[in-house]
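Two complexes follow with chain A in common, the first pairing it with chain B and the second with chain C.
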Partner chain A sequence: MFDLAFMMRNLPYLQEGLLVTLQLVALSITGALTGGALVAACTLSRWRVLNGLGRVYIEVMRNTPVLVQIAILYFGLPSIGLYPSAVLSAVLALSMQNSAYIGEIYRAAIQSVSIRQTESALALGMTSWAAFRHVVLPQASRRMFPPLGSQAIFIIKDTSIASTIAVAELTHTGKLMLDRSGAPYEVFLMIALLYLLLTSSVFLLVKGLEHRFPVKA
Partner chain B sequence: MTTDLLFVAARYLLMGAGVSLAVALGAIAISATFGLLLALARLYGWWPLRIAASLFVFFIRGVPLLILLISVYFSLPYFGVDLSALAVAILVIGLYFSSYTSEVYRTGIRSIPVLQWDAGRSLGLRRIAIFRLIIAPQAMRYCAAPLINIFIMAVKGTSLISAIGAWEVVMAGRELSERNFAVLPVYLAVAAIYFIICFTLSRLSRAVEKSAAYA
Partner chain C sequence: MVLYQSANGSPSQAGRPGFFAASARSGAQSVRRLAGWLVAASMLLAAPALAMESRLDTILKRDKLIVSVMSTSAPNGFIDEKGELTGFEVEFARLIAKAMLGDPNKVEFMVTSVDGRFPSVLSGKADMGLSSVTRYPDRAVRLAFTTPYMDSGTAVVVRRDAGIKSLEDLNDPRVTLVAGNSTAMVDRAKRYAPQAKALFFDGDTAAALALKSGRANAYQADLAMAKWTVAQNPDDFELLPGLLGNINGNSVFMKPGDFPLWLAVDTIVQEYVSGSRYDEYRELYRKWYGSEPPAQRFYTVK
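Up next is the complex of A and B:
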């Protein structure tokens, strides 16, 4: 039923797609981690306007699909004279959407550190920045690993959506291979296993980090 | 866009939104029920069943929804099953998110202290009665808000089904933009439709979370 020889023969062709997927993942995760910091800076800010802007951004990004965001960037922006490439549109959309989620992860982790920790640091004469940098952040960052890991897995899976605007990543190469071979379940089994390999290695990495940097109560 | 064009476009998009919503509701129904079955299988099932359910969840959660949609849609005919794109969409999105809902149900059920089981036992109740009368009502209170958050993901997931040729709001938007060259407003309108649906759900989730906290 499953043609193993076919799968082994065609596996190398998926390599290029896999590389593009990895690039998309790396760029989007970097973008989302930085964007998330900005979002968290807004929502944690005491300045009302900034706070509201952050909240609106989070709600808009979290409640619209990535596919539509990608379409707005890739098909919509040219009508106002901007021409982002397919890869840029995909990376930008993934970064924007996930920075909303990651911003909330940062915020929740930072707020989970007791306010007394900051107060004690201030009482020791630290500036508020030093208190944040040396007291709050090290404790908060340990609590971020599990949710950041699952967000990274979402990002990996969502890069497949870039295939809808013809970015030549794993899903797209799979579709091409399907068109040429007409062997759908073999092709998609290979692709699914490759994605599974990516997502489960991130899962294991995060488990390792959790073990290496445990949350101290 | 002129005003009557705007009117036609709005009606067309709303028709597409109706299809998306129907698919989402079907998928939500499947993920709510099948997820519970998966959770029960993983918690109390016979061990091969438990392993099968865990493997299902592990596999499904590690693979993109788009891949599953395309592969199921194009592979099923080779096994002699010929389903329409919409049927595949409802089924696949439903099964996909049931792996997420099963995790919610599982943690919800496990969050109820074992003592409650013992208390039910001492009242002379059967296991099924204890689950139905004591455990499930309390667990549902924990589960409600996270479940709605997963339903939001399911609604957003329906945007992918245009990839297997199903006609829904994204496809309607694409057709409109290709005919009228008003690309940006059309896609913004599509985003707004999704936003209205998902934002309503997220408010609901927030409200449920608050009421559960005080119950």
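Up next is the complex of A and C:
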């Protein structure tokens, strides 16, 4: 029953969708990494207002489904006269939710570097920014790679949700192919393999980074 | 049961034919071996016979029909204010159960999205589907269709403020034409409005929402659904006169290759739509569409 020839024949037709998915992935990961830095800056801040804002943002973003966030941005904003495009809505929702997670990853990694290191650096006459930049950050960033890698994998998989607001990405293209062919196993397997290809390249990248920048005991 | 054993195994084990046993055998062993071959051969013959058993028998034995329907395709299949699954197709599925099993309540519904409707029967999870599926020749290769249970066609709903007055007006770059994500919808958009921006959503609910929220100014849908959408929003929406393409039909669909099941369901559908149970069909049709179904015969029976 399983039709390998069908898969070989139709794989090229998923190319356009794959490119849109790659675009969503690149924009969302960039957005989430940047947004995460802002969130971590808030939660690590000494100012209580900023700190509180960061915490509220994290809780709201983490505790609502990304599908709902996308629907609010795409279908909800028009009622107040804003019309973000479908791609923008998807990228915004994915960036917003993941910046909450990534902000926490940054914060945990930074706080895992012993406070004594900062104290020593300050005692040596470094400014607090220099201590952060040259002592804390190099150590913290090495500890961020594995959790950031899994977060990137979540983002890649979640881009499929953009198909619900008519973004013609990989899943959307696949569903259309499924409708034309009526071959669910073959189509879903092809889609799954392409996602696996994307996620495993991220996995390899993270492994490489971990190898290049090992955590020193 | 064990059908073979290794050369090292004991050939005299009761009831177990030794296909690879040592060559020296008594007469009794030969008889036993022959019996073993017969058992094996009969099982080989029985295996395809089992596989060919019609799903119709399975349904009758199960005493319940499993039907794949949609819940986002009013008025054919949707969730009403009481939170119950209903609609023309859901109720028609009950009529099929009534004809097959003698009880309209002997149905288990499996709700799918637009993209889940074909896999639901092809995977064998549901016996058949009634999911606003139009029969098309290219779909006939992968699915078994019955005679249509209703006429269908593709109509276009537009926003009243869009200034679109005819189907010809759709072919304009200022038009955003939305629909559920199906190949037929994509093909129609390319064919009738190649200049318009076309978007395809998970289902009709989302596509209609895009029209309502002002994301789009035109929405193509099955005629019944298009009429329903306009009836829900008469102040904002209107129906364009005419159809995109030819009149076609919505059919019950099944996994192909099961003739007894297909024949039974097709006969039942025909009996409702134009035969002995036409009155029940007409009542159902009036209830959901507020109009008369096509006459039982186009000529007068004397």
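The rule is short, and it goes like this: the second predicted complex is superposed on the first by the 217 of 217 C-alpha atoms of A that agree within 3 Å, B and C clash if a C-alpha of one lies under 4 Å from a C-alpha of the other, contacts with A are read in each partner's own complex, and residues count from 1 in each chain.
Here, a residue touches a chain if its C-beta (ideal position, glycine included) is under 8 Å from a C-beta of that chain, and two chains touch if they have at least 3 such contacts.
The structure presented is a predicted model; accordingly, all values stated were derived computationally and were not measured.
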Ask   = Superposed on chain A, are chain B and chain C clashing or fitting side by side?
value = clash
Query = Once the shared chain is lined up, is A:Phe75 touching chain B (first), chain C (second), both, or neither of them?
reply = both
Query = Once the shared chain is lined up, is A:Phe213 touching chain B (first), chain C (second), both, or neither of them?
reply = neither
Request  = For A:Arg62, decide between first (touching chain B), second (touching chain C), both and neither.
outcome  = first
Request  = Examine A:Asp158 and indicate which partner it touches, taking first as chain B and second as chain C; both and neither are also allowed.
outcome  = first
Ask   = Touching A:Tyr83, do we find chain B (first), chain C (second), both, or neither?
value = second
Inquiry  = Quick check on the superposed pair: does A:Ser181 touch chain B, chain C, both, or neither? Answer first, second, both or neither.
reply    = second
Task = For A:Phe2, decide between first (touching chain B), second (touching chain C), both and neither.
result = neither
Query = Looking at chain A, which partner touches more of its residues: chain C or chain B?
reply = B
Ask   = Which of the stretches 38-46, 74-82 or 182-190 of chain B runs into chain C once the two complexes are superposed on chain A?
value = 74-82
Inquiry  = Based on the A-chain superposition described above, do chain B and chain C contact any of the same residues on chain A, and if so which?
reply    = 75-76, 78-79, 163-164, 175, 178, 184
Key: chain A-facing residues of chain B, complex   = 58-59, 61-68, 70-71, 74-75, 78, 152, 156-157, 159-160, 163, 170, 173-174, 177, 181-184, 187-188, 190-191, 194-195, 198-199, 202
Inquiry  = For the complex, give me every residue of chain A touching chain C.
reply    = 74-76, 78-79, 83, 86, 163-166, 168, 172, 175-176, 178-184
Key: Contact set on chain A toward chain B in their complex   = 59-60, 62-69, 71-72, 75-80, 153, 157-161, 163-164, 171, 174-175, 178, 184-185, 187-189, 191-192, 195-196, 199-200, 203
Key: Residues of chain C touching chain A in the complex   = 114-115, 118-119, 122-123, 138-139, 141-143, 178, 181-183, 186, 199-202, 206, 209-210, 213-215
